[in-house]
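In the two complexes below, chain A is the common chain; its partner is chain B in one and chain C in the other.
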Partner chain A sequence: MKIHSFSQRFFTSLSPLVSVQLPSPRETHFWYILPDEVKNASLLGEYLELLSPCEKENVFRMRGDELKKRALLARALVRTTIARYQINSQVSPRSLKFTKNIHGKPEVEWQQSDDSRPPPLHFNLSHTSSLIACGVTIDSPIGIDVEEKQRTIKNDILSFARRYFSHEEVDFLAAIPNTEVQRQEFLKLWTLKEAYVKALGRGFSGAPFKTFTIRYQHAAGGSCNSGNLNCEASEIVVDSFEEPSNSASNWQFALLELAGSHYASICKENNSSSEASKQPMKLTVWKTIPLVEDECVSGTDAVIRIGGSN
Partner chain B sequence: MTSFSGTQETRRMNPSPATSSSGSASTSGSNQVAKIYCRTDSGTLPGCETNTAAQQRTGATLLVLLFFVSLLFLFKRDMAARMALLKHLRVNVRSAPQNPNLNSTFSSPFGDLLRRHFSEEVRGSFLDKSEVTDRVVTVVKNFQKVDPSKVTPSAHFQNDLGLDSLDAVEVVMALEEEFGFEIPDNEADKINSINLAVDFIASHPQAK
Partner chain C sequence: MASVTGFLIPMTTFACSLKQTKLPTGISSLNSASLSMQGNGFPSLRMRPARFQISCAAKPETVDKVCAIVRKQLALSADTAVTGDSKFAALGADSLDTVEIVMGLEEEFGISVEEENAQTITTVQDAADMIEKLIEA
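Presenting the complex of A and B:
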């Protein structure tokens, strides 16, 4: 319905970007696109105009229309999302410049104005063929990852886990008798681990997956074991073996089921005091078609929080 | 150099009793037993000890000589001859079970030791690049979500094949199975195209 009305509206004019207040320090904003909902060629043309020459080159380097579209939507999403926050009063999606940290994590390269320090906005992007997402935080590094719930694993899940996951995680998965449940739990763990490594911003080899454990913990302090997968009311924590200081209290997680079809994990550094850190991550989620429409889906069936809500 | 690191790697990955160090320990152990036996039984019979020990030493010397001769041969400057020899050796080894999944068929530790030592000499070499390319392409084509017609030697995992990070890790795991060695995380991180996978495997002496 909305798409239909959009195509009529599109030929008159694109809506301006709706600006949004920056998230509070404890809050995470999460924006996602369903590429199947973006079919209009002229809209894709508009998006292309937002990209830098280098980004355009990268888009055209992708092989096949689907991959090109996905790459284009990802760049359009990140540019329009950051521009919404109107940092330094005038930021257009097209004028944003990006750089990468030494490990390749993308960052905004802010134009230094006078003596002000660069805005404390952090973002992270993740995509599958059917969903593209961008997470935004203030003052704390963020990592996100999305996977399709239906995604299958070519390797045997336990062999895969033994090669890349920690002993505790292997034990957790091995104790699940139902293979379908095991696959689902594997996917959740994978997205959580990816999100953590992306939040650290050091790359896959900078924080090998075997060197830390993601586990569910009841608010009371006990761990969810595999016999009790019903961990909705649980907290998600990380134990890092290489950096014990980088443990539970420093990182906050949220695990979502999105649009009924995807798992999405969010990891953000905990920059609050110990009391505030016990609060769950505050989260606002939008489904968007940039320059066309935004829909806040927090609290609807499109967003089901399945972990990390303390 | 290459065979040295190969030995280290094998030991690290195979902490079973069937290591060469435990093998030499048992040899010297039986030597001692022979000495003691000779002294107690035949008093100061000089020939007894020398005979047994001499046999052992000759055997050991022969082994050491054989080892050095093969080393010399391996490091001969004539690369063409070396490659030819290695190719020949490789063909021989190929006829033996190569699939890592069949490792368990070498149930006796001694068989395992032999196999490892033998293949290790071969492993001091590098696989032929075009053969590696063919095998890598085949492995990647086996992925369900990949369009086989797009898997060319120059294909980029993300840009051409649409693989994501989980896929990339799965590809690395499949390559480890195919070539019988573990690819370290920091190397796996850099492998984002067929070409890079081929370059890494073809330059890795342990690839089988």
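Presenting the complex of A and C:
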């Protein structure tokens, strides 16, 4: 793998992973890495050493250096992130094993040990060419999706929406007069729908996009139409046609503008009582270069909540 | 009698060996011989100049069209090779790219791909095979 070895920051030794407490039940942890900040060939070599043989094969199967690097960073992020939670002393980034559920959703395969119950840690990964993210929760399935804000859609947006989205979502998008705003709203909706399907863990065909609607709802009730898009106080809810009982109260969403350049959606299952479920999702966000530095960016400009009340 | 050894190869291996490869031009000279063979119980092949049409693998033209749509969606540089074996994910396609590609294929070929089927498409060849199956249906 030919990676230029000039680097913006010089490091002579790697720091051990800073350990972090597991998130509380209502909390979500969100870790992201910006591939452009990682150029040092030795560091990439260290990351490669963390991967399983199968993961290494997958990395080398990618076409071109940029894609190889992206695949490598995604696995390094997942392994180092989970290992931070110090579940027990046996867990290191390299020792983690992964498996897939029956629908193909990746999960940690905890090794048998004496204090046996596997920790209820859930994670989900998403990547674009310029940002890779990993969300972590306790006790509830999680799905995340990130997209570059500037991403262009090759197909006509409304044709695409008519083909894949629900009627309500098509109406919402069709009512937006400005094409740039429409593109942005389309992308946000895409990330929210992806995050929901990934949280469900049933695969793309397990919850076809047409079978559920995601919409913005004023905290006071009543829908947010596209004439009032600046609904920062709005809640994001999902209505599922196939499973009406599996709806709004079960799933909690957050939508973010990340690092000024990306939309990020997070969806997690709501296990709490109905009063507690009205509380907004507590979110802690770190920008990281694993083994080098971590920066907690919650509350800074790098993380702006849009929709899903603060 | 013109050499017919090429027709005695079992259909499946013949198809596999024809995937994406241009046929040697020598075969096109057999075109004129095909009519005399149809009564002999040999598998009948509809022959076009320099190409065979095999029913168990997608036509090269279909594969080429899929490659073109994939190239356009993923904005691949001219020196990135795209063939039937190419996996979308290995070319950098994410889920939105894959759905956009499927939609592009639906429009190009006038077909409709259900989500369960869309999920099984991971390579250019998968897409081409599915397209042909849907066209024939």
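The criterion applied here is as follows: the second predicted complex is superposed on the first by the 294 of 310 C-alpha atoms of A that agree within 3 Å, B and C clash if a C-alpha of one lies under 4 Å from a C-alpha of the other, contacts with A are read in each partner's own complex, and residues count from 1 in each chain.
Here is the rule we go by: a contact is a pair of C-beta atoms (placed from the backbone, for glycine too) under 8 Å apart; a residue touches a chain by one contact, two chains touch by 3 or more.
It should be emphasised that the depicted structure is a prediction, and the values quoted were computed from it without experimental measurement.
Asker: After the alignment on chain A, I want to confirm one thing: do chain B and chain C clash, or do they fit together?
Answerer: The answer is clash.
Asker: Touch check for A:N155: first (chain B), second (chain C), both, or neither?
Answerer: both
Asker: Of the two partner chains, chain B (first) and chain C (second), which one does A:T128 touch, if any: first, second, both, or neither?
Answerer: In the superposed model, A:T128 contacts both chain B and chain C.
Asker: Check the residue A:G203 against both partner chains and state whether it touches chain B (first), chain C (second), both, or neither.
Answerer: both
Asker: Does chain B (first) or chain C (second) touch A:W286, or do both, or does neither?
Answerer: Neither partner.
Asker: Given the touch rule stated above, what does A:G64 touch, chain B (first), chain C (second), both, or neither?
Answerer: Both: A:G64 reaches chain B and chain C.
Asker: Quick one: is A:W190 in contact with chain B, with chain C, with both, or with neither? Answer first, second, both or neither.
Answerer: In the superposition, A:W190 contacts both chain B and chain C.
Asker: Just chain B (first), just chain C (second), both, or neither: which does A:F30 touch?
Answerer: Neither: A:F30 stays clear of chain B and chain C.
Asker: Using the superposition described at the top, list the residues of chain A that contact chain B and also contact chain C.
Answerer: 61-64, 66-67, 70, 127-129, 147, 151, 153-155, 159-160, 163-164, 190, 194, 203-205, 208
Asker: In the complex formed with chain A, which residues of chain C make contact?
Answerer: These residues of chain C touch chain A: 72-73, 80, 86-87, 90-92, 94-96, 99-100, 103-104, 106, 114-116, 118-119.
Asker: Give the list of chain A residues in touch with chain C in this complex.
Answerer: Touching chain C from chain A are residues 61-64, 66-67, 70, 127-129, 147, 151, 153-155, 159-160, 163-164, 190, 194, 203-205, 208-209.
Asker: What part of chain A is in contact with chain B in the complex they form?
Answerer: Residues 61-64, 66-67, 70, 127-129, 147, 151-155, 159-160, 163-164, 190, 194, 203-205, 208 of chain A touch chain B in their complex.
Asker: Over in the complex, which chain B residues touch chain A? Could you list them?
Answerer: Result: residues 142-144, 150, 159-162, 164-166, 169-170, 173-174, 176, 184-186, 188-189 of chain B touch chain A.
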